[in-house]
Structures are given as structure tokens and as C-alpha cells.
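Each chain gets a letter, A, B, C and D, in the order it is written, and its residues are counted from 1.
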Amino acid sequence: MAEFLSLHDAVARYVEDGATVAMEGFTHLIPFAAGHEVIRQRKRDLTLIRMTPDLVYDQLIGAGCVKKLIFSWGGNPGVGSLHRLRDAVEKGWPHKIEIHEHSHAAMACAFEAGAAGLPLAVLRGYVGSELPNVNDQIKFIECPFTGERLAAVPSVRPDVSIVHAQKADRKGNVLVEGIIGVQKEAVLAAKYSIVTVEEIVDDLMTLPDYHPNACVIPGWAISAIAVAEKGSYPSYAHGYYPRDNRFYKEWDTIARDREVFTQWLEENVYNAGGQS
Amino acid sequence: MSLEYTSAEMMTVTAARALENGMTCFVGIGLPSEAANLARLTHAPEVVLIYESGTLQTKPDVLPLSIGDGELCESALTTVSVPEMFRYWLQGGHISVGFLGTAQIDRYCNLNTTLIGDYHDPKVRLPGGGGAPEIATNAHEVFITLKHSKRTFVKDVDFITTLGFGRDGKGRDGVPNIGKGPTRAITDLCVMKPDPETKELVVVSLHPGVSREDVYDATGWEIRFAEQLESTPEPNAHELEVLRELKERTARKHTGEV
Amino acid sequence: MAEFLSLHDAVARYVEDGATVAMEGFTHLIPFAAGHEVIRQRKRDLTLIRMTPDLVYDQLIGAGCVKKLIFSWGGNPGVGSLHRLRDAVEKGWPHKIEIHEHSHAAMACAFEAGAAGLPLAVLRGYVGSELPNVNDQIKFIECPFTGERLAAVPSVRPDVSIVHAQKADRKGNVLVEGIIGVQKEAVLAAKYSIVTVEEIVDDLMTLPDYHPNACVIPGWAISAIAVAEKGSYPSYAHGYYPRDNRFYKEWDTIARDREVFTQWLEENVYNAGGQS
Amino acid sequence: MSLEYTSAEMMTVTAARALENGMTCFVGIGLPSEAANLARLTHAPEVVLIYESGTLQTKPDVLPLSIGDGELCESALTTVSVPEMFRYWLQGGHISVGFLGTAQIDRYCNLNTTLIGDYHDPKVRLPGGGGAPEIATNAHEVFITLKHSKRTFVKDVDFITTLGFGRDGKGRDGVPNIGKGPTRAITDLCVMKPDPETKELVVVSLHPGVSREDVYDATGWEIRFAEQLESTPEPNAHELEVLRELKERTARKHTGEV
């Protein structure tokens, strides 16, 4: 049953050094507040999973929290590179990181399989791609009915998943709306889960626009809920605030330079308090 | 009447014209998205645009910066989960055309968005595959659009992120349930199509004012030209107007002026 | 792109003798009107797929339309047996039918895999069950990552799927609400699809309670749409009319006896007109 | 104070008491559904009821006739697709208890809902497996409730639709990622649990007024009794009142009187 904790306490309790952590949200609802809390608590040796590392993992990598990255598209969407990710991969700053690289389809299927309690995902994928040459986590199986060769990847089963959502109610049930990405899958695939939310409402089911097939994660499938207003900024929360595309562009300048980045991190993360 | 337009506009308009009304198009961000939305706002109002963020049949008023901008969801018929998008809609065979950009392309239309140099010691680490590897094989066909240069058009890509026709042009032969692959590549200089036999890219149409030499000099291999080399039709005034307005709206939005 | 047809014409065009047909709707939105139209058009040798055959397939079987049945639970929910199904299986009336029997989990996964364009579904299933002894469509594979033994079944890929839904709009986009079952999967897995709807509205997106993550099947993924008011009665349509549980109970008496059934069919199906 | 109650009521109340607040229960239709809803309306208001129709955390006011009555959806926290229900919620490991009925059960708790007689020439064709085969292996544990008779309690089921502990009691040994299986069977006569070693069902508790002989005569094998044989606690007035009201509301609804 979901426990209501401060973001500080939720991260302190569930994110251990060396853990495998998935912070999800496909462009939308990226859990930036939680990512910053992980940086502030100086977690180390994390294996991070995320389809699109985005700025949040660029920051975690630059801050030295990351040992390994499992991902499928590591750019700054519409802008260019993730310079902290590149610096770690190309030059080993602040230290070398290991990467396991997939396609989106494979990662999406791997999250789905993780939520479905399966050890593997099967897909029509990777045909002719050289990714299987450099990622030993991509194998091929034969369909026992048709003989067709199909790709297989291990399912995603993180120690902890962290997602951001619009609303939780007092029983811990969480509503996700808009671009829902792989958030439900991330939560269900993980051993523990932290959901940060924009706000707590009394009861989701009495909301005026509640929908019988809404994307809702019940409280009993979540470990901890923490309120984090604007918790996905500079990403966005459908119905709350828009994506700050300008900041995404500015990030290119900030992240390009180690010192500018370090200073940004100091001012905007380490010394930005957080909640306790 | 002669219109003023840039080579980038020529590229976008030509790419847009490749899309037909009623096609279902899985749209990559950047140039493909610009072309796909121009098509929707001009000759193909019923083209169905699908972005990998889960937004089905979306009609954004401005171009999204990211693949998952709020605009895409708000103007979509519905938004599904990302696993559903890749499983049911792409892999399920409902996409007529995948529209892709790339960092590198080679003579067999293979795409590299992974890295320059050696995988384990890259000179330049690029963003990676994203949706492209399966878009390229599960969509019925693929259009590619990118700027023409010796840096982007190489004889052999450093890494095949996404299959065109493989290292030897035979990468799709005998593979069951696979799309036709790239059927055209549109640049700021010309339109290319794979040779029906060898699958090597052949220039089929030169944009107005572009010479064979221009293309030759911007391509990293000895590119061939079709016997019946055509001249790409110019953009018309309406296309240019719609495109410019779209880009202006987009710029205003993404710099936060709106 | 969905074509608007009469139910008569949709069935006449897409349901051929010998076809593999899935009529879905999990208890809710069962396409009874379409099933009756198939009976009226005296289609023969059909392979019918449905998780819960329910009354609609009991009627089709009794009417002699069916050669083979693929299913996972063949009862009258909360009431007892499907007597026409039993009579065909036990006594060969009106003729013997072949059955391929699964569990719900396997069928649900097989529909999912069909929609996902895969030849097989993989699940943690059938452990210790004797169903694999009597259904050669159930096999086992080994996970290449963990060595775990997993069940595999062929995906469902019908020639035609028929479902009922609440609303279509003028572009053929279909809204399904409430218990959504495997309806979307059935439509997407099939070569052709017929959707019957309670009503046509102008534009789904302008409905006052439209939801960004509603279960909507776009018109371009559907072959034909036919209006069939109360088209799922005695099953129900969330927001339109309730399930007639009394009729489900009465069916036990009607279906128990060949003559009573035949007469019921005559009066309520063959002579009930249908639309043209 | 002595209350009047039927053996069916005794069975339902006992089955209901097996559920604890906060458990997530995958509910079979019929007796399990009656017991689960009684639990929710009495001692376990926070028990989470899940039906295979996709209705998550539902709180029906009357008992559903089918597994997918409208009432279930209308009172649910949310309703998911049937593939999601079986994949994410059941197979994903989120169900603490699967509550099942059956047509036949044997001494090793195997369930038969497929047929009586030979598969290829059945005497009686039963409805089939439905959700049970995977509920029984993917839920953390399983409760079973059915009426006690020689017809239902047989030494060996004609067909194992759903695994208890196999033909020899060892059916779960060494199987990875499998639930504990049946942990209790509740009838109108008694409560049984599998022997921790042999997995054979053993009577652990007799309902008031029921003798060992009654159970013995209603069971198709020489059933054993626990050394510490208990007496099942009687229903209390509140439980009986709530159960009777629930059944009355249900009857009115399903005969169309409401």
C-alpha cells in the first residue's frame, strides 16, 4: 500500500547505491524533481534505465551517480546531443559509464514484459541492425509455430521505478493522463516504486471528468507517493504546465561545458534545498 | 512567375509532396515532422500523422520540438501507451510510411544514428536508434529526408543502426513480414530512389538550379543518375506560404513568446 | 478507411463460408445483432474464435454455422451450460464441431500478440494443466536469458473480427468504453473488421466528456461500420442499456431443447428481418 | 444466542472470513464472488476485488451474474483491457489470492472444469478453464470454495484443468515463479488444508453440527482429519444480515425487478 512520504524520505528509503533505477515519462511527466533529489543525496553506481535519457539522466550522469545506462535514444529532443552523456561515453568524465543500447521498440516491449511478469520480450525487431553485434542482451529465438526468427530482449525489472503523475488521491491511487509513455509499465515492473504527483485530491473517482478506462495505478501497486509541485519541470504535466522548450535549448549551452554544468548543478540542485 | 525559396524549403516541400492523402505516417522528429505537417496543411489534409510518443492521428498547430510535446497529445484522436504504439500500431502493420531523418546514410540506404568511429571508442556519440530500427522494417515503406553533404552521404555507414538494404543490398531478401524499406530519399539537392535490382541509391530528380556536379561533390561515393533524370517541380506559392507561417508560429512558440 | 455499410451488406461482403471469425466483447458489448445476421445469411463452416462463446456462439453453433471453435470458457455466465455447444460436442447436433481449447490468459495473450503482429504469444501459463495434452496448439519454449520454460500459443489472426461499440463518428473513428475486453485487439489482429455501433456522432473529439486516453479505434484501422441499435442485447452497452440477466437465465430453458431452440431461432433470428 | 443459518450461509461466511483487509483478490464468479463481497461488506472493507473482465478494485452493490456485469465496471477504480488484466495484474504478480470455485476437485487439490469422462468423447462437457489455470499458478495463493459431495470431491479428477499439486502432489516442486497454490478449501461441511508434506487435503475444521462421518460420506476418497480438529466459528448476526441483504438485492436486480 502506497505510503505518503516526502520526496527526500522516499528517495532515501528506496534508492540504494548500486540499485537499478528506471525513471520514466516519455518526454511528458519526466520526474525531474526526483532525479534532483537522487543527485542531492549523492547516490552512486546506479544502473539507470530509460528509453530517452533526456536532460534528467544527463544531469545524473554529469553528477557522477551513474555506472551503467540502458537506453534507446540519448539526445536532447529537437536540440541535439546530451553533452554530459557524450562526455562520459567519449571521454570518461566524471567517469566511464557502461551502456546497453536498444531500440525504442525493444525497450517498450521490455517494459511491457517486465510489467507482465515475463523474463523476456519478443518482437519483430533488430532485423539488419548492427545493435545486436554490440549488445549481448539482444538474442534471437525461433517461433515454434511458424519457424520465424524473432528478436528477444530481457524484460526490464528495476529495483525501483520513479515516475511523475498528475494526481494521487488519499488512498494512493494515481491518475496519469495525456502521453502516458511506459509509466504504468515501469511502476508495475519494479520491486519498489515512487510516484511524485502535482497534487493530492480526495478521491479520483469523484472527479467530475473521471473516465472508466482512465490510466490509473492503484495505491496498492505503489510503494511511496511524494508531492512534488512542478515536479516534472522543464518537462511538462498535461493540464498543469507546458514544456519549457526554451530551457531544453538552453541546456545545450549549459551542458556543453563541464564547469558551466557543475556550476548549474551547484546552484539549481545541490543548493536548491529540496523537501524534507 | 518565379518564386524565391531556399534549398531547405525546396527539400521540405518535395518531402511533403511524397505523402498522399490517407496514408498513415509514422513521423520522425525534425525534418520529417516539418514535411509531414506541411503535407497535412496543404495537399493531404487526411494524412494520418503518428508520433512514437503514442499520439495517434495528431494535428499540431505548431511543429513539436520534441516527439512528445503537449500539442501532439492535445490535437490527437487518442493517445496510447508507448508499448501499444510500437506493438499494435507499428509492428501490427498499420503504418504505410515511416518518415525518417538520419545523421549518416550510405549507398544502400542504411542509416547510422549511433556513432562516428568505433563503437567501443567513439569519436562522436550520436543519440542512437530510437524508433528507427523497427520503423524501417515494420512500416510498409520508408521515406528519408536529410541535408546532402559528404559527411552525411557516405559509401558505408560506420554503423548500421537502421536497415536500408544492408551492406550488400540484400538485407531484406528472404526476410518474412518485412516492409519494402526506403523507397526514396529527399535532400536539399535532389530525390534519390534505390535501384530496383542492386538497391543502390540513384538520383532520379534534380532540384531546380542543382547540377549533377553539385550532387556528385556532396556525395561520398560515385553516385549514379537515372537515365531519365527529372527536374523536381518547384514549390508553389501556397506551399511556401503555409510552410513559412508554420515555421514562424513554431519559432514564436518555442522561444516562449506565445 | 472504414466504409459505412448496412449490417447485411457488411456481413455479406466480409464473412465468407469457411472463414475464421472472431466476434468479441467480454460479457459487455457482445455483437449479437451481427451474429444473428451471420445466421440469417446461413454462413457455413466457420472457425469461430471467442474467449467466452456465450449465447451468441451457442446460437451460431445450434444454427449450424460452425465447423470449429477456439475458446477458453464455454458457459452461460452465472447460469450454467451452453446447451447448443454441449449438444454439438457431446452428440454432434446439428453436426460435430472441432474444438481448440485454451485458458483465458492464453487467449487474451493470443489476441494481444495478433494485434501486435506477432506469430506467437508467450506466457507463464498452463503449468500443470492437462490442456496442453489435448490441444496441440499449446507448446513450450525456453527463455534464452533465464532458461525458464514458458508456454507459447499461436497468435489470433482472424480473417474477420466483429465487435460492437458505443459510438462511431463520421470519419469512422470508434469509441469503446467500460469493459473493453479484447475488442481493440480483435479488430487490429484481423484482416478485415466490422464494427457495429449504437449510434453515429459527428466528431468524437468534440464530445463533452472526451478523454485524451480513451479507447478509440481509428477509422482507417476498420473495414466497415454498421449501425445496430441495441446491437449487443441481451448483453449490454455501458451508458446505453443494461445486461438482460433475466434473458440469460431464460436461455437455459430455450437452448436445452433442440425444438424449442429451433423455434426460438425461427422467430427471433430468421424471421426477425435484420437490416438491409 | 443461537442463530439460524443454512449450511450454504455457513460456507459463504467461512470463505469470506478467509480474506483479510488489504488483500488483492482475483475473484471467480459464483460462490467466490459472494464470499469476497461479503468480506468487503463486513470485516475487510479494504479488500481489493479484481474480476477477469478488467475491473480493478470494484465494489459492486449487488452480486454480478456474469464476470462482466455493468455494475462491476461502474464501481471499479478503473477498468483495463482483458490482456492487460491477465498480463500485468495477474501474471505480473499483483494478486495475493485467487478465489476459485470448481466442478470437481481431487485429493491433491487439482481442479476440473473441463469435462466428465474422456476428453474426446465426453459424458458431460463443462465450460472449461477460463481464468483458473493461470490464476492458480500466478496468484500468491489460492482459496477454493464449493459444495461438498462425492460427485465434486473425487480421488482423481477426470482432467486437470487447473493445477492444485498435480497427480502426485509434487506438481509445483521446482517450478520457478509459481504461487503457493491452494492453501484452503471451504465447503458447506468443513475447511480443508493441504498437508504440508504430501499436499493431500486434510480436514482442519468442521462446521458446527457436522460430523466426521458427514464429511467422510461426502468425499470420494478416504479423507484424513487433522489431529487438532477445530470447530469452525459460527456466522454472527451482522454477517448473516449483510449476506441476506446482499442476496436479496441481487435477486431483485437479476429478475429485473429493479
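The criterion applied here is as follows: a residue touches a chain if its C-beta (ideal position, glycine included) is under 8 Å from a C-beta of that chain, and two chains touch if they have at least 3 such contacts.
As the structure is a computational prediction, the values presented were derived from the model and not from experiment.
With each centre defined as the average position of its C-alpha atoms, the distance from chain C to chain D rounds to 28 Å.
The centroid of the Cα atoms in chain A and the matching centroid in chain C are 38 Å apart. Inter-chain spacing, taken between the CA centroids of chain B and chain D, is 57 Å. Annotation for chain D: residues 73-74, 79-80, 87, 91, 138, 177 touch two or more other chains. In chain A, the residues touching two or more other chains are 112, 117-118, 123-124, 148, 178, 180, 184-185, 212-215, 238. Chain contacts here follow an irregular pattern that is not a line, a ring, a star or a complete set. Applying the touch definition to all chain combinations yields A-B, A-C, A-D, B-C, C-D.
Within the complex formed with chain C, the residues of chain D that make contact are 29-30, 52-55, 64-70, 72-74, 79-83, 85-87, 90-91, 110, 114, 119-120, 122-134, 137-138, 159-163, 166, 171-172, 175-178, 253-256. Here chain A touches chain C in the complex through residues 117-120, 122-124, 137, 139, 141, 143-146, 148, 150, 152, 154, 177-178, 180, 209, 211-215, 238, going by the rule given at the top.
Contact residues on chain C toward chain B in their complex (touch as defined above): 1, 112, 115-118, 173, 184-185, 188-189, 204-205, 212-216, 218, 220-221.
Interface of chain D with chain A (complex): residues 22, 24, 48, 56-57, 73-74, 76-80, 87-88, 91-94, 138, 177. By the touch criterion given at the top, residues 26-28, 51-52, 71-75, 77-79, 81-82, 85-86, 89-90, 101-106, 108-109, 111-112, 123-131, 134, 148, 178-182, 184-185, 215, 236, 238, 242-246, 248-249 of chain A touch chain B in their complex.
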